[in-house]
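Heads up, the thing below is written out as structure tokens.
As written, the chain order gives the labels A, B, C and D, with residue 1 at the start of each chain.
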Amino acid sequence: MEIDVKFFASLRERMGRTSDKVTLDGDVATVSDVWNQLSSEPIPNNILVAVNKEYTDLSQELKSGDEVAFFPPVTGG
Amino acid sequence: MEIDVKFFASLRERMGRTSDKVTLDGDVATVSDVWNQLSSEPIPNNILVAVNKEYTDLSQELKSGDEVAFFPPVTGG
Amino acid sequence: MRVVVQEEALDPYKEIKHHEETVLESGKHGGVVSFVGTMRDFNDGEDVSAMNLDHYPGMTEKHIEQVCQEAMDGWDVMDVLVVHRVGDMYPSDPIVLVAVWSAHRASAFDACRYVINYLKERAPFWKCEVTKAGKKHWVEHNSKDPGVAESREKAV
Amino acid sequence: MRVVVQEEALDPYKEIKHHEETVLESGKHGGVVSFVGTMRDFNDGEDVSAMNLDHYPGMTEKHIEQVCQEAMDGWDVMDVLVVHRVGDMYPSDPIVLVAVWSAHRASAFDACRYVINYLKERAPFWKCEVTKAGKKHWVEHNSKDPGVAESREKAV
């Protein structure tokens, strides 16, 4: 399946890109699988995850075409 | 002693005047004495009293030149 | 701290801007909380077409200033502005502005609420409404709005 | 309910006026409570000369709208307006406006506070500050402001 990936703020700088596309084999994949495809390092502790613009966690299962975002804690307003 | 009196809102209309001056005999007088000089009727229950622009009550003693105000409950803001 | 009671029409947001430009040091406050009370065209189920707001010159300002000082003493706020209109007004006219500047929004919210609650409770103003049918009457009691006791508890 | 995220400079009080003139029915609301957050020229003891506010287009608006809807459901309010700036900004620039109209001021205060607290907690924005010395850094955590838990309890 194909997943659109987005990075924001300090994580975007650390990853060196604002977005990416990953292709995962098989029918079942989670957000964790996406991260592992992107980086050989474990995901930093404080990183938040959204799928299709809703907060979720690493265990969420994905379907092809989902948009997965990784970003640090929000500091707005 | 001479006392300046002010009325506001519905009480001003009821008294038919915005201000008055009363002269009281003797050295000791209270707000009650002022009211009794102004009207033969007892002071209405809900009427508030201020002396020199501070809230007080009918028992407050006065000195010559004090400004005494009578008015209904406030409804501002 | 600035307290104004005026007959002229009140433009609340012009007052806030003017206060920020003339009195406050730029870049220091993190936020401002404001309350603007406007005249409604109904009250207790009746249509209202005009209102005259009576006040006690001198005492009104004095009591608003006392309430503002209590807010400045009770919370970590940088400045308080109150502008209150008196005299003849019409539905949708702004009647009162309370604005509170602070580095911390929680203090600004608490202090702003304190000022408007106590201003309504203690400052000598009296509303005389004119109904659509042309009848004039003095408002007998303030419409109850919860929050006064609560706000008082928070003042230190 | 109106939620806007924009790069253009924010004139909060012009937004309030515009909303009142174009959306709200005249003479019906008794008051409006607003919060305007402005950029300070210091943070955690350091001088700050500029800031870039990053956001997640689409998700940011969606989460602000959710918070506004919760406020509309939780209190007796007539309307909520939020305008949030993103991109490059400088000290004393307004960053965010939250305005809540209601017939009752207690509801307007509660709802306004709820919106700004949860907007800050949930809406994806990230501050990147530039210090006077020219050093750029991402702000790691929101400055703690009490009131979030308190405000949540009041939502029904």
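By definition in this document, a residue touches a chain if its C-beta (ideal position, glycine included) is under 8 Å from a C-beta of that chain, and two chains touch if they have at least 3 such contacts.
Because the structure is a prediction, the values reported are computed rather than measured.
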For subunit C, which other chain has the most distant CA centre?
A
Chain centre separation (subunit A, subunit C; CA means) in Å
49
What whole-number Å value describes the gap between the mean CA coordinates of subunit A and subunit B?
75
Per the C-alpha means, the centres of subunit A and subunit D lie apart by a whole-Å value of 27
Numbers and ranges of subunit C residues touching at least 2 other chains:
37, 116
All chain pairs satisfying the touch rule are A-D, B-C, C-D
Touching residues (chain side subunit B, partner subunit C) in the complex
6, 8-10, 12, 50, 53-55, 69, 71-77
Mind pulling up the subunit C residues that touch subunit D in the complex?
13-14, 16-17, 26-42, 91-92, 103-106, 108-109, 112-113, 116, 145-147
For the complex, give me every residue of subunit D touching subunit A.
37, 53-56, 58-59, 62, 84, 95-96, 116, 119-128, 138-142
